[in-house]
Structures are given as C-alpha cells and as structure tokens.
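What follows is a group of structures, each given as structure tokens.
Next, two complexes with subunit A in common: one pairs it with subunit B, the other with subunit C.
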Partner chain A sequence: MDVLMKLGDIDKRVLYVLLVLVLLIPMVRPIGIRISISHWTTKAYEQLSRLEPGDTVICDFGYNVDGAPDVEPIAKAIFRDLFDRNIKIITVSLNAQGPMIAEKLLLPYEESGKVYGTDFCNLGFMAGGETALAAYARDLKRTFPRDWRGNTTSTLPILQGITGAPDTKAWIFFTDSSAEAWVRQVGDLDVPMIGAVITVAAPQAEPFVHSGQLSGLLTGLRSAAEYEIVTNRPGGAVAAMDAQSLGHILITIFIVFGNISYFVKRSKELAGREGVQ
Partner chain B sequence: MSTDVGIWVGALMTIAVFSYLFSENEFYKAVEHIYVGAAAGYSIVLGFSNVVTKGWQPLVEGRQFQVLIPVAMGLMLFAPYAGTQYNWMRRIPISFIVGIGAGITIRSVVIEQFVKQLSATILPFNSVNNVIIVLGTLAVLSYFFFTFKPSRALKTSAEVGKWIIMITFGASFGNAVMGRISLLIGRIDFMFREWIHLIKL
Partner chain C sequence: MKREVPIIVTTVAGIFMILEYFHNIPGLANGAKELQNWAILVAAFALALAAINLAARHLRNITARHQNAVHSGLLLASMFATVIAGIFFGTDARAFVFIFDNIITPCGSAFYAMACFHLASAAYRAFRAQSGQAAALLITGIIVMLGRAPIGDLIHPYLPKMATWLMQVPNLAGMRAIMISSAIGMIGVSLRIITGIDRTHLGMGQE
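Right, the complex of A and B next:
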C-alpha cells in the first residue's frame, strides 16, 4: 500500500526524464512494432494513387512551425510519393509561416533536379484568412500575381491552363487547426480534397470524411507512418512510431498508477476520519 | 556533433525552453522573448512584402489602377493615428472586411456544415456503424433539448447522449496526448539526430 501511495508522489520531473528516455531509446534502436493502416489513410492513398504523371495538385500549408513535428511528416511523405511519380505540385499558404515551410520541404527536390515553375511552384501567403482561401481556390493567378520568389505567376508553365482548384486533380491541405475553413471554401468546388491535420483535430475532421466532403484524412505522425508504408517508402515517420507507441504505454501506466494511488490515499483518509469519529 | 551554427542555436534554444519544466529561469525567458520577437519580425516582413507584391508592383509596374481601392481602404484603417477626428474613416474598411467575411462564411456554413452533415446522418439501418451514427446523433441532440420538462424516455436518451459526449471527449483527449507525444518526438529527433547524431536510422 505504501508503495502505491508513494507512486502518486513521484516528482513530475522524474516522469519527464522517464518519458524522454522511453521515446529516445526506440529511436536509437528501433523495435519494429507493427503498424496497421487505418481506413482514412487508405481512402487518402486510393485517391492520390489515381493521379497520373503530369497531373497537378495543390498543397495548401496552414500550419505553424510549432505544429510541424506532427503535421510535417505527412507533407514529407506525400511530397516524396507525388514527386517520385512526376506529379506537379503548386503550394499555397493560408498561414503566414506556410511559404517558408513549403520552401524548406521543396528545396531537396529542387536540388535533385525538379524544376521550379515547371514541376512545382510556391505561390506564397495571402492575408485574409477564409476570404483569401475562397479567392485563391477560385483564381490562383489573380490572387497571387507574383509567387513567393517574385516571379510573375502568369508566366509560370505549371500554371498554364490552370485558373483555380477545379483545374487541378486534388487539393491537399495541411493544418494544425481545424479542417472547417477548407471544407467551407473548397468543398463546393469540383476537386477531390484530402485533409492532413494535427492529431488533436482528428475527431472534428472525421465527420467530413464520413459525409464524403473529404476524400481522405491523414492525422499526425501516425498517418504519416501509415502513408509511408502503403506507398512502400518507409521513412522518418515509420521510425518514430516505436517511440510513439512506447510513449503511449508509459503515459497509460502513469494514468493507471496515478489513479490507484489517488484511490488508495482517499480510502486511507476516509478510514482515518471514521477512526477519529 | 553538428557543425552547423543554425542547428546549434536551435538545440540550445530547445534546451532553454525545456529547462522551464524544472524551474522558470532567465534562459527560458530570453528564448521566449526571442521567439515572440522573431515571429513578430517575420510577420512585419511578410506584411511589407504583401504590400509591395500585391499593391505597389501592380499599381506602379502594371498600371492596374483598380488596386488603388484596396490600398486606400487599407490606409483608412490607420486614419485614427492621424487624429481622433478621423476615427470614422476606419469604420468603412472594417465594415467591408466584416461584411465580406460574414457573407462568404455564412453561405458555406449552411451548405457544408449543416445541410451536408445533416444528410450524412440520415442513413439506412443496414450496418452497426450506421445504427450508432443515427441513434448516437439523436441521443446527443436530446441531451441539449430544454424546451419542455423531460419525460422518462427523453431522460434516458439524454443520459445515453451524455455518455456519447464523454466518449467523444475521451477520444479527443487521446488524440491530444498522441499529438503532444509527436511534438516531443519531433524535438528529440532534432536534438539527437541533427545535433548530436546519436540517431542514425
């Protein structure tokens, strides 16, 4: 009993160190815990696997750097899959930090031979939130007269024949908040839409997949790992999933022992009070 | 270990931020201020770049004089700084922004978030999932039904609805934990892969 009570009084800093160790060890020496593929990831993969070489998709960046560790692995997995299949990518940003993030992700592909303006382009950020989203979803070149690098967008080969979202084959958005803005403003356009959201926002986004408003949903690091597996390109997300799983087990243990300790303490206190009376 | 100055700065700042978990200290405060300052600086540069590429260049180089209208409305937002007697000028662009924003959002909220979600809930009882979705939605709605004194049936339904809401909150909490662990993994990966080079896979 005393051991259980003491467990509840462990210094929280000890728990932080334990958590870091439990996450770090499997990243250094992976265990290879099996990852199952969710229905939502399968739907997203099926939608994107229909794309042919030369097709164009829009990737909308709506996350900040503080949400990047959870959302960015999805962007990396999708970029790798699409560029490997010679699919063209137009990046836009609903978020101010988006163009910088997109530029960082696109750089390795540019260095490996993909041509800016032909295979991909970064149109940058447009202020105005949902109003801006409604505008650029319907007319990219009018909303972005110049791209992030200062080029006139009407001269970019990748944008020839493309006015708005319906002229592309898919709209993929990456966000660290809710999916609702995209559902509202891109939902009524004739383009399949795939959401890549931070894990916290998953329960709010799932009804949109069920209703068919989203063609697929990828949520956080877990979905990134699943996408890497279904595309046969295992990468950083798969490697991090062992840590993710062990981290969850440790937190579950914390919660269970924390509760046991609480109830043991409470029952002792109650017994003590009854003894006094 | 990395020889990149940028990675060293990032790693030391990460350590300074995590030091808050042990106790608040000057390093943490310094990094907090640097972060806020850098974010503000980035926003100012981006805002200025927006003015140049979407206002100045189309107007001066492209002779697109219609750009004068949004530029003038943008300037009107700053009118109160010229004197309180110009406060009224700010109301015109603000009413325009609010009106356009509300118009664009309300139209799509009704269609995308009400009508389409409603129709997605009207399902045949041919699978367990469909039964759960339909009955679950009705039960949750009944929990928020305050129009008249509840009957026994409504109370039972509301109780079921309450449990469904709790399960939803549980799922959200589980996802929140999962997301936070992912963020921590991201930092550990940066520290031990890019900085110390301990993670090699």
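Right, the complex of A and C next:
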C-alpha cells in the first residue's frame, strides 16, 4: 500500500531525467515505429500534388522561433517537396521573425542552384496584423514595394503576372497560433489554402477543414513526419516521432501513477474517517 | 468636434470596408486597399513608438537603480545591438544573422522545450480523476495523447480512431459553437463601434 501511495510523490527531477532519456535514446537509436497517415495530411498532400512545375505558391510565415520546433519541420518537408518539383515559392510574413526564418530555410536551396527572384523570393515582414494580411493577399507588390533583400518587387521575374493570392496556385500558412486570421482574410479569395499549425492549435483549426475553408491541415511534428513519408523523403520529423511516442507513453505512465496514489490515499482517508465514527 | 470627428471617421471607415467586402462596387476596392495601407503605416509607427516606450521605461529603471536594473540593462544592450546590426549593417549582415541564429533561435527553442518538462510535471502532479468531469478530461486527454502518437497504433488499432473521433466530433462541435458565438459577439461589438455607441477605443467610454 505504501509503495502505491509513494507513486504519487516521485521527485520531479526523476521525471525530468527519464523524459530526457526517452527523448534522447530514440534519436540516437531509432526504433522505427510505423507512422500511419492521417486524413488531413492526405488531403493537404493531394492538394499540393496537383501543382505543376512552374506554378507559384505563397508561403506565409506566421510563427516565432519558439514555435519552430513543432512547425518548422512541416515547412522544411513542404519546401523540399515543392522545390524538388520545380514549383516557385514566394514567402511573406505577418511575424517580425518570419523573414529570417524563411531566409534560413531558403538558403540551402539557393546554394544548390535555385535562383533568387526567379525560383523563389522572400518579401519580408509587414506590420499591421490582419490588415496587412488582407492588403498583401490582394496586392503583393503594392504592399511590399521592396523585398527582404532590398530589391524592387516589381522587377522580380517570379512576381510578373502576379498581383495577389488569386494569381497563385496555393496559399500555405505556417503559424504557432490560430488559423482564423488567414481564413478571415484570404478565405474569400479564389486560392486553395493549406494550414500548417502548431499541435496545440489543431482543435481550433480543424473546423475550417470540415467547412472547406482550408483545403488541408498539417499539425505539428506528426504531420511533418507524415508529409515526409507520403512524399518519400523521410527526414528529421520521422526520426523525431519515436521520441514523441515514448515521451507520450512516459507522461501517461506518470499520470496513471499519480492517480493510483491519489485513489489509494483517498480510500485510506475514507477508511480512517469510518474508523473514527 | 473633439468627440465627433473621430466617431465620424470610424463610422465612415467601417461602413466603407463593409461595403467593399460584401459588394463588388467599382472604385471601392482601390479605396479599401489605400485604407489598408494607411493602417499598415499606423501599425509600423506603433511598433516604433512601442520600441521607444520600452527603451524609455527600462532607461528609467536603470537611472532609478531599480532592483531589476541589471535586467533592464541587459534588455537595452541586446535591443540596441540588434537594432544597430540590422539598421547599419543590413538584415543580411553577419552580425544580424549571428544574433538571430545563435541567440534568438536557440533561446526560443529552449523555452519551447522547457514547456515539455513543465507540462509533464504538472500533468503528473495535478491531473487527478477527482470528479466525473475531471475523469472524463483525463481519459480523453490520454486517448488523444496516445492516439495521435505513432505508438497508439501499436497499443490498440482503435486508439487512433477514438482519438480522431474525439477531435472530429465532440471537439469540432464545441469549437464551432465557440467560434460562431464569438463571431456573433464580434459583429455586435463592431456595430456598436461603427454606430458610435461604443467609444472605448477612443478612450471615451460608452454612450
């Protein structure tokens, strides 16, 4: 009985050490737990697989570096897929850190031969929240007269013939908060929209896929791993899924321990009270 | 005039933007774009003002030898270092990229990673089935947590299906109810502002 009661009083440092171990070990020695593909990822993949070489998509960076561990793997998986298929990418950002994040993700492709201004461009950050989003979704060049690197946007070949979102083939947004701003401001424009959100924002974003306002939804590291699998390009997200699985198992075990201890203590208290009466 | 002019501007701008959004009236689209660009300019000025305000506030902390003066000094030093690197050397300069890649990014990732430990510890200590509602929350939480990880398939093939059902039926219904009711609330607030009944955004209170 005492052992069961003590299950609820394990030092949190023990939990931290165990958590570090279960997260680190699978990274070093992957277990290879099979990853099934969710309906939402399939939907997003099907939408993006319709794109033809030469098509242009807008990637909107709306996350900060603290949300990057969960959202960035999705951006990496999508960039790899799109660039491999010679699809052009325009990056924009509602977030002050967005252009730097985009620049870092685009750099390897530039080094491998993709041409800035022709195959991709980074338009940078625009202050103003949803108002800015509404403005650049309708007129990119007017809202961003210069790109992040200081070029005049009207001279960029990638932007020739493109005014706003309806002139592109897809709008993909990456965010560590709610998807509502994009649904409100870009949703009425004639462009398929795919959301890539942090895992905790998934419950808020799912109604928009059901209603058809989002053409696909990717949520956190799990979706990144799924996207890597459906595109046959397994990478960092797939490797991290074993760690996530074991982390979830450990937390569940500790929650069960806490509850066993709670019920044992409660039954002992009740028995004690009945004994007094 | 001090009261009326801001209210008239708000009303005209509000009605203008609503008309542009819902009706395809020639000429309105360009006007709406112009208004949006003005809002962007105002937001950019607000950012600059916020930066000046932040610097002034922390300078006051330092000159008054406040107990957190060291923190204020650190904030100002890092703020000015980033601003100087960005403005004078450009956003693609080595110094600016160094600050972003080697200070901001690892610090941000570390904060996010630490949340995992806090959440695990909090779940262990506080997630107790003390009542029927708490038990329901606990069970659904565990089903979704395990069902959404790849290990869920191995534990039981129905676990991911149950997690998906929980997310797509009860969660969806609840979220829709919250979204629709908050949207209706937002329409009400917007109408009160446009008609001049609610003037709190102008620092005036309500009629």
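Here is the rule we use: the second predicted complex is superposed on the first by the 276 of 277 C-alpha atoms of A that agree within 3 Å, B and C clash if a C-alpha of one lies under 4 Å from a C-alpha of the other, contacts with A are read in each partner's own complex, and residues count from 1 in each chain.
Keep in mind that, in the parts below, a contact is a pair of C-beta atoms (placed from the backbone, for glycine too) under 8 Å apart; a residue touches a chain by one contact, two chains touch by 3 or more.
What you see is a predicted model, and the numbers here were worked out from it, not measured in a lab.
**Q** Scan A:70 for contacts with subunit B and subunit C and give back first, second, both or neither.
**A** A:70 sits against subunit B and subunit C alike.
**Q** Have a look at where A:25 lands relative to subunit B and subunit C in the superposition and call it first, second, both or neither.
**A** neither
**Q** State whether A:249 touches subunit B only (first), subunit C only (second), both chains, or neither.
**A** A:249 sits against subunit C, while subunit B stays out of touch.
**Q** Who does A:240 touch here: subunit B (first), subunit C (second), both, or neither?
**A** It touches subunit B, and subunit C stays clear.
**Q** Name the contact category of A:34: first (subunit B only), second (subunit C only), both, or neither.
**A** Touch partner of A:34: subunit C, not subunit B.
**Q** Name the contact category of A:145: first (subunit B only), second (subunit C only), both, or neither.
**A** first
**Q** Classify the contacts of A:264 with the two partner chains as first (subunit B alone), second (subunit C alone), both, or neither.
**A** neither
**Q** Could you say whether A:189 touches subunit B, subunit C, both of them, or neither, answering first, second, both or neither?
**A** Neither partner.
**Q** Looking at A:5 after the superposition, I want to know if it touches subunit B, subunit C, both of them or none. Which is it: first, second, both, neither?
**A** After superposition on chain A, A:5 lies in contact with neither partner.
**Q** With the touch criterion stated at the top, can you tell me which subunit A residues are shared between the subunit B interface and the subunit C interface?
**A** Residues 16, 19, 66-70, 97, 100, 126-127, 129, 131, 134, 150, 180, 188, 202-203, 207, 210, 222, 244, 247-248, 251 of subunit A touch both subunit B and subunit C.
**Q** Using the touch definition from the top, list the residues of subunit A that touch subunit C in their complex.
**A** That would be residues 10, 12, 15-16, 19, 33-36, 38-39, 64-70, 97, 99-100, 103-104, 126-129, 131-132, 134-135, 138-139, 142-143, 148-150, 180, 188, 202-204, 206-207, 210, 222, 225, 241-242, 244-252, 254-255, 257-259, 262-263 of subunit A.
**Q** Taking the touch rule as given, give the residues of subunit A at its contact with subunit B in the complex, in rising order.
**A** Touch list, subunit A to subunit B: 13, 16, 19-20, 23-24, 27-28, 30, 66-70, 72, 96-97, 100, 125-127, 129-131, 134, 145-146, 150, 180, 183-185, 187-188, 198-203, 207, 210-213, 219-222, 236, 239-240, 243-244, 247-248, 251.
**Q** Which residues of subunit C touch subunit A in their complex?
**A** Listed in rising order, the residues of subunit C that touch subunit A are 21, 29, 33, 36-37, 39-40, 42-44, 46-47, 90-92, 97, 100-101, 104-105, 107-109, 111-113, 116-117, 119-121, 123-125, 127-130, 138, 142, 145-146, 148-151, 153-154, 160, 164, 167-168, 171-172, 175-176, 179.
**Q** Residues of subunit B touching subunit A in their complex?
**A** 21-22, 42-43, 46-47, 50, 53-54, 57-58, 62, 97, 100-101, 104-105, 108-109, 111-113, 116-117, 119-120, 133, 168, 171-172, 175-179, 181-189, 192-193, 198-199, 201
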